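Across the two complexes that follow, chain A remains constant while its partner is chain B and subsequently chain C.
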Partner chain A sequence: MRGYLAKRLLQAAPTILGSILLVYGIARALPGDPITVMFGELEPPPEVREELEKHLGLDQPFIIQYFIYLRRIISGDWGKSIFTAEPVLEFTLRRFQATFELTILSIAIASAVGLAVGFASAMRRDTPTDKVLRLASTAGFSMPVFWWGLLLILLFSVQLGLLPPMGRGGFQHLVLPALTLATFISGMIARLTRASMLEVLTQDHVTTARAKGLSETVVWTKHVLRNALIPIATFVGLQFGTLLGGAAITETVFAYPGVGKMVVDAIFTRDYPVIVGGLLFVVIVILITNLIVDMIYAFIDPRVRYERAGSYA
Partner chain B sequence: MAKMLRRPKVLVPLIIVAIVIVGFAAYYVTQLAVAPPLEELVISQKADLTTIDMQAATDAPTLNVFGHVYDTLFKIKFDEKGAPYFSPNLVESYKQINSTAWQFTLKSGVKFHDGTPLDSTAVKVSFERGPKVGALPRTLLGAVKAIGVVDKQTVVIGLKAPFAPLIAHLTHPSTAIVPPKIADIATKDFAVAHIIGSGPFKFLEFVKGERTVLVRNEEYWGEKATVKRIVWKPIADDSTRVTAIETGTVDIATHIPSHMVKTLKDKKFTIVDIPSVRTIFMLINTEKITDAKVRQAFNLAVDKDAIVSKILLGAGSVSTAPIAPAIFGYSKISAYEYSPDKAKALLAEAKFPADKEIVLITPTGRYLQDREVAEAVASYLRAIGLKVKTEVLEWAAYIPRASRSEFDIAVLGWGTVTMDADYGLHPLFHSTAGTVNWGKYKNTKVDGLLDQAKEEADTAKRLSIYKEAQSIIMSDCPWIFLYVENIIVAMKPGLKNVEIQPIERWVLTYAAKS
Partner chain C sequence: MRLSIQELDTKGRVLMHRLGDTVETLRFLTKSRISAFAFAVVVGILVLATTADLVSPYSYHVADLAKRLMPPSLHHPLGTDQLGRDILSRIIHGTRVLLYVMSMSLLVALPLGTVLGLLSGFYGGVIDHVASRIIDILLSFPTVFLALAIVAVMGPSLENATLAIGISQAPIYMRLVRGQVLSERERLYVESARAIGAGGGRIMFRHILPNLTGPIIVQATFNATAAIISAAALSFLGLGAQPPTPCWGAMLYEAKDYLRTAPHAIALPGLALFIVAYALNTFGEALRDYMDPRMKLL
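Then we have the complex of A and B:
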């Protein structure tokens, strides 16, 4: 396990370096720059622009800027926002905390609902119940997030006055954005659960379990569901990582101050340190999440462990 | 009956009831006169602060926040008819010494939030630092040559040349007074601790993307605010911002889209819908579309009334001059009528090639329904046989294209926030000094008139000069003249004394609940 971990961490280094280069390159390739955004229609005189470019390090050739930035990152200096002078790492961590809270609740709701719907759908395969549940799960991941979020606001905030429509505060501020995200993900989990369970049903060990006289409940819960959970766990883990990268549309609809919106706003204002720092943080988080998912996968699937050991039971 | 009323058993209770009624009435009347202080007022603007260094700010949302923290030498006020006038604020008295020098005597006893005095040194520092760090101070104080400190309360401003709109410029928040201690602090090093004004509110907290909080200055030199705390929440999405006020999450929401006004009015929210000082127009690149007849044809081809009524739903008024009617110097020339036949005739007369592609660029989300208006104008031009290609760009990509004149037609908006025609005309039409004359309009007569009006002290003469300049400009058609935008703000029922000014300023200092 330690060797595996070390190998994965070593593999992460070129991924991170490549990501910085890619993101930095794309950000700088965008038309316009932060000075344009700062001044808007009041374009500064050339000498003022030159001074600002020098001050922001934008006068250097791109590759020199990249290496200066890389050196700073390695030394722990992630730079400051061009517009608010707030340290990028501090800003990102604050926004990440909000995103993390939203992700935890979204995944929890999505997993609970998705697994239950998928399980019920598989158990009642080809019945009207199955058809309804499959339709509901398809609708879940087909609905545009933006539209669904606004509908939830209209119902729960405007009509019923039960939940706040926006912002960040206590638990109640998390509910609507989490429901919005969870609807999309639970639809996919439900479909995956159903498919995975139906595949496991056809396997020999299930036939053997039934032949041994075990009850249907034990067959379904102990033999079918447990094995079907393997790909589902992987999927949920990957979704967890994706959500930790921010859900910009949902965050915009609910004015929720997460990482996604932070990066999108930085792109519109060409706040290069925040763009690169924010995306770099997301890359690191996703790499770590994928690593944890792989380790969990190895833990729950004995075949993966035994393959690594070079033997089979 | 009279006998009955004289009996003590009847008379005494009646007197008591009468006293109670009169007492309640008196209490109610006094409550009407004395507004109860508001503990907290929450307002949502479309955008967040773009900087915490007020002198570096160029956008209205940021300046609206800082307008409550800092003081200017003068203020723009509006009388009952909505006519603007300039009122001394930090200034006790002032006089013009000669054509290029003004003397200002400051009010005594005014202090910054850290207790240091606001004196003539602070004015000098503010007017020297501002142009170094910010585009707006540089533009607004561009006529200033030097600032001389006579004594603690007296300062003299020397000008490069006579400058009639000086007082107007000194009302702008970008010319507000900052303490000397921040003189050498660069914008990149500016921290919340450096936000020290002298205004009715102190700056407490800024959490980017979430809130900005101001608290009442209990030692304010002027009339103390009736609001103890203002929270500014940025909500970029229009629907979410409207929902925020519908659910009571915020007390005031600005930039309400016109199609949502009716819903809010039906729910008894107070809607303030007033013409602003922002003119929306389309620059025509006069180096590519050189013939004035062709530019006039563009104006005749577009049904501006339809755009205002159908796209803006009435939240605007068709332009009858290059600047808004509320501006000093405005002169009603006339709007171009909608006449596609006349437009076609002019194009034929000018022999404009039908296969020439016209590139129309527009930002998206910068102005109210900018993209929809641009598409509508493009459709009108196509209807008279022109080949038009529309390009929609986000603001950061739009400005370099527009400022380098890489367009045939470009959408733009300009708010004359000094309420003076110089700021509304000079940057946009002067051929050599016009910093926003991206259409490369050149008319030496107009240049001369604008320069002359800038220096003319006589009000009547200035008005006459501007009238002539605007007539020529409307005839030359360097723009497709469109409309003056409205400002739409929604407020919770019962909220009063919130001043919404046409210069896109909201003054919340004396807000109260009725």
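Then we have the complex of A and C:
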């Protein structure tokens, strides 16, 4: 196990460095170099510009600049927002709280609904019930979230007046955006649950369990569901990471102040430090979550540690 | 060149055989009611996109402010939008945007992903290590954020959004092809090709690649759905198609301030997008079952 973890961490290092390099490349490709951004409309005198370039390391080769940038972000200096002058890291972390709440609720609803639908679908395989549930889950993951979000606002806020259409406040502000995201994810979880349960069902240990005379309830819950959960857990973990990075579209529909909406807003206001900081944050959160998911996966399924250790995981 | 009777006969048989295959494929893809519906939607998009100017009752871009935000009526079956434009005509012209997004993102993603996947699966070693890290890095950027970054650098337009979607889909093909090549390269036909002296490039492109078309086509169908939804989403944020392009996502973006007064202007373009996404996903599933019956579980 320890060997696997070490290997996995070693593999993650170049990916993380590479991702940060990509973000840095994007940062440099954005219109306006750091000095122009600093001075706004005014053009600084050439000698001031030269002095500043030296000070900021902009006269160094790209790769050296990248390492200067790495040192800066590790020490927590992610730059400041052009508009509010608030440090980007603090700003992002504050937004992250909102995104975190939304993620937890969405994943909880999606897992509960997705597992129940998938389980029912697999147990009633090839019956009309199964057909309807499969149609519903395909509908779920074919749903354009921005449209679905607007329809939910139309029904629950405009027509019924039950829930607030936008913003962040109490629990009721979370319901509609969480439902929107959960619809999409639960559709995928339901399909995956059904497929993976039906696959486990064909395995020998299930036949053995039945031959032993175990009741169908025990076979389905203890033998089929438990083994089927492994791929589902991985999928949910990966989705969790993606959502933690901010659901840019859903957050925008509901004017929900998370990380995703922060980046979208920053693009409109051309607040470049915030765009770059937001992207960096998203990528780091996703990579770390994926790493954790992989480790949990190796922990619950010992086969992974042996099979994957040698190859690309 | 003149063909002998025998050659003609062979050619004729091959042609008949192919025709039979096509008929069989079509029969399979339209077997159930739902997959027949999906197939009809896909054909419908192609027909509408090619005949948009003929079949749409009004122009998609000429505004008529006297008729703004009218609910569906006999004159305007799907109503009008905030500038008095006929929504039905805009939805019909929007199928061209769909085709543009699907084909262009495919043109970016497929060659890039396939070539890198072939190289890394076939040669292994350093190439594979580097390529695998590139996959990891690109996959750690969610499509929307990668697109946001590209749009931030290059400015908002449908072309840039489509380019971003293509780039973000390339690693999906790369991973798929790489995985398939790893198992294919151990097969006997590759060994035979090597034995008669075929080089790496020839083996990859003439021998292995044709065997991967099935999974690639299936993946391309699912990616097409993802591409049109992402493009519509970016347009909905105001970062994709710009007015007056009749992109369905942009129609939602323009109409969202009139949610209370004209819900049809939101509901209908979105419904069109949902139906197409649903049909393409179902179509992809039917294709997958056809190509690989073992996958029928999903």
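Keep this in mind: the second predicted complex is superposed on the first by the 243 of 313 C-alpha atoms of A that agree within 3 Å, B and C clash if a C-alpha of one lies under 4 Å from a C-alpha of the other, contacts with A are read in each partner's own complex, and residues count from 1 in each chain.
Keep this in mind: a contact is a pair of C-beta atoms (placed from the backbone, for glycine too) under 8 Å apart; a residue touches a chain by one contact, two chains touch by 3 or more.
Keep in mind it's a predicted model, so treat the numbers as computed, not measured.
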item: First (chain B), second (chain C), both or neither touched by A:Leu30; value: both
item: Partner chain(s) touched by A:Thr138 [first = chain B, second = chain C, both, neither]; value: second
item: Partner chain in contact with A:Leu150 - chain B first, chain C second, else both or neither; value: both
item: Partner chain(s) touched by A:Ala85 [first = chain B, second = chain C, both, neither]; value: first
item: Which of chain B and chain C A:Leu93 touches, first, second, both or neither; value: neither
item: Chain B versus chain C as contact partner of A:Ala112, first or second or both or neither; value: neither
item: First (chain B), second (chain C), both or neither touched by A:Ala6; value: neither
item: Chain B versus chain C as contact partner of A:Gly245, first or second or both or neither; value: second
item: Touched partner set for A:Ile68, first chain B, second chain C, both or neither; value: neither
item: Contacts on chain A seen with chain B and repeated with chain C across the two complexes; value: 30-31, 150, 153-154, 158, 252, 268
item: Touching residues on chain B, where the partner in the complex is chain A; value: 48-52, 56, 58-59, 135-136, 138-139, 187-191, 206-210, 233-237, 239-240, 243-244, 246-247, 249, 393-401, 403, 412, 414, 435-436
item: Chain C partner contacts - residues on chain A that touch it in the complex; value: 14-15, 18-19, 22, 26, 29-31, 135, 138-139, 141-148, 150-151, 153-154, 158, 191, 194-195, 198-199, 242, 245-246, 248-249, 252, 260, 263-264, 267-268, 272, 275, 279, 282-283, 286-287, 290, 312
item: Touching residues (chain side chain A, partner chain B) in the complex; value: 30-33, 36-44, 48, 55, 80-86, 91, 94-95, 150, 153-154, 157-158, 161, 164-168, 252-255, 257, 261-262, 265, 268-270
item: Residues of chain C that touch chain A when the two form their complex; value: 34, 128, 132-134, 136-137, 140-142, 144-145, 148-149, 151-153, 225, 229, 232-233, 236-239, 249, 252, 256, 259-260, 263, 266-267, 270-271, 273-274, 277-278, 280-282, 285, 297-298
